[in-house]
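Dropping the structures in below, format is structure tokens.
Common to both upcoming complexes is chain A, partnered first by chain B, then by chain C.
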Partner chain A sequence: MSKRDTTIGHAVAAATCTLLGTAAPALAEDEAARWDFDTALLYYGEDNDRVRDLSASILARRDFDDDRYLNLDLTVDSLTGASPSGAIAMDGPQTFTSPSGNDVYETAAGQVPLDDTFLDTRFALDVGWTQPFARLYTMTAGLGFSTEYDYTHLGANLGVTRDFNRRNTTVSAAVAYAQEDIDPVGGTPLPLALMQDVGDDSSKAGTDTKDVLDLLLGVTQVIGPSTVLRVNYSYSDSSGYLTDPYKILSVVDPVTGDTIERAPASGALGPTGVYRYEARPDSRRKQGLYAEVKHDFTGKVLGVSYRFGTDDWGIDSHTLDARLRWPIGEFNYVEPHLRYYTQNAADFYRFSLLDGDPLPSFASADARLADLDGVTLGLKYGHRTVSGSEWNARVELYQQSGNVPGGQLIGNQSRRAVFPDLDAVIVQIGYRFKL
Partner chain B sequence: MAATSRSVDLAREDGFWVSRFRAMAGPCEVLIETLDATEARVVAERVADCAWRIEDKYSRYRRGNVVDEINTADGRVITVDEETAKLLDFAATLHDLSDGLFDVTSGVLCRAWTFDGGTRVPTQAEIDVLLPLVGWDKVQWSRPKLRLLPGMQLDFGGIGKEYAVDQAVQLARNICGRAALVNFGGDLAVSRSRADGRPWRVGIEDSAVRARAASRVLELRHGALATSGDTHRFVLADGTRYSHILDPRSGWPVRDAPRSVTVAAATCTQAGMLTTLAVLVGNDAERFLEAESVPHWVLRH
Partner chain C sequence: MKRIVTVCLAAGMLTGCAGIGVDPWDRGVLARDDMQLDAYPIDASLDDHIYFSKEASSGGRGFGGGGCGCN
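Right, the complex of A and B next:
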């Protein structure tokens, strides 16, 4: 070329842009997006003015070179509303000393008693670091901190994954340890102590702690071009203060099933019935087996999972979950979701305590430790933008019903409200983007 | 290639979904950095459709396509579609920029040369017969009307594959937020940098290098790579190795052409043009690429 003295690269680039109909792309060396954000705003609301939770979360991932990531997960929750205290409904109104010990609250006749002093803001931060440490090995280490009014959690975790079989098989193992400080409003009640009048703190101690050790073993296997299987085994060992300091049991007449009445000391405010604070064992060992299959039916992805959980409190649980991601065009998808959960009651679950019987070692009337079934039905819609960001919105309805184990309902109890069935709605809006 | 072999294989390999298919007389692959098989399949199928569409439209071995229409026009004026017009504008620009070295009408010279590793070298008389049919300056191109002299042939072989890579990678970028690498027989481009910011690692196809059990692995974060060379196609006669790169002005292979040239550029078409021109300037390939200040790898011997 006689024009060799003058370079033609720019002219070739310009001609190429005309041909391809694109703006001249720069050959920048290091403009890669480094931050990945996954943000969500979630509302959870139970019917009849029970628990409401508004939570905002930001999951951020910073990518460093050589497969190293920093993960930051920040969540702020605001909980309001009332939750069942564990006491039973009565034909007349009932008065309770509030957890603080400074006041009383009333429950109307025929209503399941709710503790409506429930109000809290939770702040949680998790920091994690992931990096390869040998060929095919990746390790993750993390620290977690969360705090709310009566509770502080501090945790650490360490995990290792190894790829096999041309990265079609991944085996992972993780261990996590957490310590939690519990400082309930008004102090931790003594096990099965009687609820006292306002101003009498003889049933309360100070603060307490618990330790939780979690182990997880998992295998992820790519079975074919369209199918991935994941199997996990989990083991969790909690020890320390595992009782819910705000839950109580009604002490009832063994024949009528009615709460034994009492009167506050003269001039004092206090409970109108006999109630005892609950007591749970100071250790709990849980095991879980989880299996999930995801299959791609040429465009539509079905994910089905099953989890079996069992623990030494006598609770066995089964969870069946199915989601189907259905693309609509190239940028949108809908994802119906169905989940079914069932568990049986803990060994020490008691609907009420019988007056005159010797006190058991452990007892709780917490509905979450009873027989219960829950069904979740949901739909998610997602829209992906050309730049790779994603908007999504999810609406789910949750319905839970509980049963008192056979023989625990006495006399009048069976004609009154036992467990209010729970209906809840979950609405979530999410946005994922890169910077 | 028969239409029946047009299928896309999708497999999970080394953390990517990898799709393989054949197009433009060679193996093609797409690497998609996602766990989502659905997403991978959508990208893979659209990219393959794109390659096959361009192959069908611009292969000079197909009957009934626009190239066939042009090459059988026998001196008549042909009105071409917008995409073909853009390619012809591009060919005209490159012909001008390269002082006639890059020429989409040089394909008829292959009637004299058969680069099958054999030993037959044509006579000058055989070449002289063909030269009047070679030269973009003999073409009447007034968008969108094209007129070739009777007997002239148009061949987009020097642009088509790189153009297809750029079209395919643009498509992948539009339909998928994930990083993807499109590789059509060694000419390749990436849709975006990988999620973790690491570069794509690309081995350059080169039999001579492979024979030495070494490999040239390049790191690519953005843009494209194209490779030209006579690695596989040559004539060996009287101890002289004639490359398949013909100088359209003389009808003879370019002397001292590098065995292979690889260039990195923002687009595959751009990289492809620079590699083609570098090979065409023969002995001056390195100097040419240095002057253009593009990342390049030249292999001789």
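Right, the complex of A and C next:
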């Protein structure tokens, strides 16, 4: 071996050792330092054995230098419990055909009917990319996918932001498009079709779809050294199957307000009253104005937001949200939270359908389309570790109450439980960390 | 017409905002994690999903994830 060969050999050996012995851990360390994780476990539970949801989420962000980031958001949901069907309470027990069409479920006398056949698991994945593409400009692009037993969502979004005014003003514009496939248990009910006996699928059709186009225009403005403001205008256009395939309406006597009774066919199981599946318009245009301000009071941070929503179904809503983050020492904080929401009923909301009247084009007794108010009270606690990770936990109570619009209660209806008010508890534990 | 009004509003806001703001050396507080408008995206996303399932209005802050979970 010549001297030159020896030198080269030493160099190769040194390089190999560097790669294997030193550089590999350094690379791994660099890779680990590029990742941020935000994780949460959430429990949502309603009173009276209604909906319970257990959800696990992980949000990961990888830094690719030069303000370029990859975001991954994965959520898994497990949903069980009972949900109001839209039918009204009666003095006697009621029997309904379950959405699958294979069985029946019953509601006790005087109770607002709940369908307790729900069991679903949702898996959702969103992937996003952010990067500057010119001086003062940043773009974001994302893809989203989610699937559950009866529903599949596929979406894409694209956004641009531009800084002005020494980066004190940021204007953003974004567009998102989604296509959703709906494959309800037991099929898609025909609009306002009658609920049939078990095994009779004459009121059901196959699957359906909907498309959603969202636009968002926003301005974020630094007001001062301690205050920042954001204002968004949003527009959303949905078209296709917008009906809830599991919601029904009771058909009632126009004088007594009682559900018209029926008997299942001889030897069959089936509903003991006359019920029709709901029908909503096949398009909906929503607009929203959202404003949010954050202000620092020497370490305490107050965040307040307000949202006004309006749509062509006749629903207007107002949402007010306030949080005060209060540090305790260097590593802890508490954050009380208050949220108030109010909406008026959709034009086609009907508490019940009158027997003998011509059928309307659209009708829904879904309580979520009625006049309702919601109040959330919560408290969050967070602890930051010396390494910069954060543990946090929050407990919130959500209370929703509603009204049936004036004039829709007939005869005996007004003396029975009319609205499925709900009390829910939200408990969340979170951990955010770097590797 | 609505578009024109929106564009005028946006332009007006931009012009009006031109004098508001701070110098880079005054951004110490604004740069803190707890002063970011999207400081806790996972909380916001989970809340959006809950209220989307229970109320008729949704969105406004940004785009939510997909799915129904409508019960």
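Everything that follows uses one rule, which is that the second predicted complex is superposed on the first by the 403 of 435 C-alpha atoms of A that agree within 3 Å, B and C clash if a C-alpha of one lies under 4 Å from a C-alpha of the other, contacts with A are read in each partner's own complex, and residues count from 1 in each chain.
Definition applied: contacts are C-beta pairs under 8 Å (C-beta built on N, C-alpha and C of every residue); 3 or more make two chains touch, one makes a residue touch a chain.
Keep in mind that this is a model prediction, so the values were computed, not measured.
In the superposition on chain A, no contact is made by A:52 with either chain B or chain C.
Contacts of A:285 after superposition: neither chain B nor chain C is touched. Touch criterion met: A:387 reaches chain B, while chain C stays clear of it. Of the two partner chains placed by the overlay, only chain C lies in contact with A:309; chain B stays clear of it. Contact with chain B, but none with chain C, is seen for A:34 once the two complexes are overlaid on the shared chain.
Touch criterion not met for A:416: it reaches neither chain B nor chain C.
With both structures placed on the common chain, the touch criterion links A:67 to chain B but leaves chain C unconnected. Of the two partner chains placed around the shared chain by superposition, chain C is the only one that A:151 touches, whereas chain B remains out of contact. In the superposed pair of complexes, A:162 makes contact with neither chain B nor chain C.
Judged by the number of chain A residues each one touches, C leads among chain B and chain C.
On chain A, the surface touched by chain B in one complex and the surface touched by chain C in the other have residues 166, 168, 222, 225-226, 228, 296, 301, 325 in common.
If you check the complex, the residues on chain A that touch chain B are 1-4, 7-9, 11-13, 15-22, 24-34, 36, 63-67, 69, 166-168, 222, 225-226, 228, 296, 298-301, 325, 327, 330, 384, 386-390. Residue ranges on chain B touching chain A, taken from their complex, read 10-15, 17, 35-38, 41-42, 86-87, 89-90, 93-94, 97-99, 101, 163, 166-167, 170, 174-178, 192-198, 221-223, 264-267, 269-270, 273-274, 277, 281, 284, 287-288, 291-294.
Within the complex, the chain A residues that touch chain C are 38-40, 42, 44, 51, 53, 55, 57, 59, 73, 75, 77, 79, 81, 83, 118, 120, 122, 124, 126, 144-148, 150-151, 153-155, 157, 164-166, 168-169, 171, 174, 176, 178, 180, 182, 214, 216-217, 219-226, 228, 230-234, 236, 244, 246, 286, 288-290, 292, 294, 296, 301, 305, 307, 309, 311, 313, 315, 317, 319, 325, 333, 341, 343, 346, 368-369, 372, 374, 394, 398, 400, 422, 426, 428, 430. Against chain A, in their complex, chain C makes its touches with residues 6, 10, 13-14, 17-18, 20-24, 26-30, 32, 34-35, 37, 40-43, 45-46, 49-51, 54-63, 65-71.
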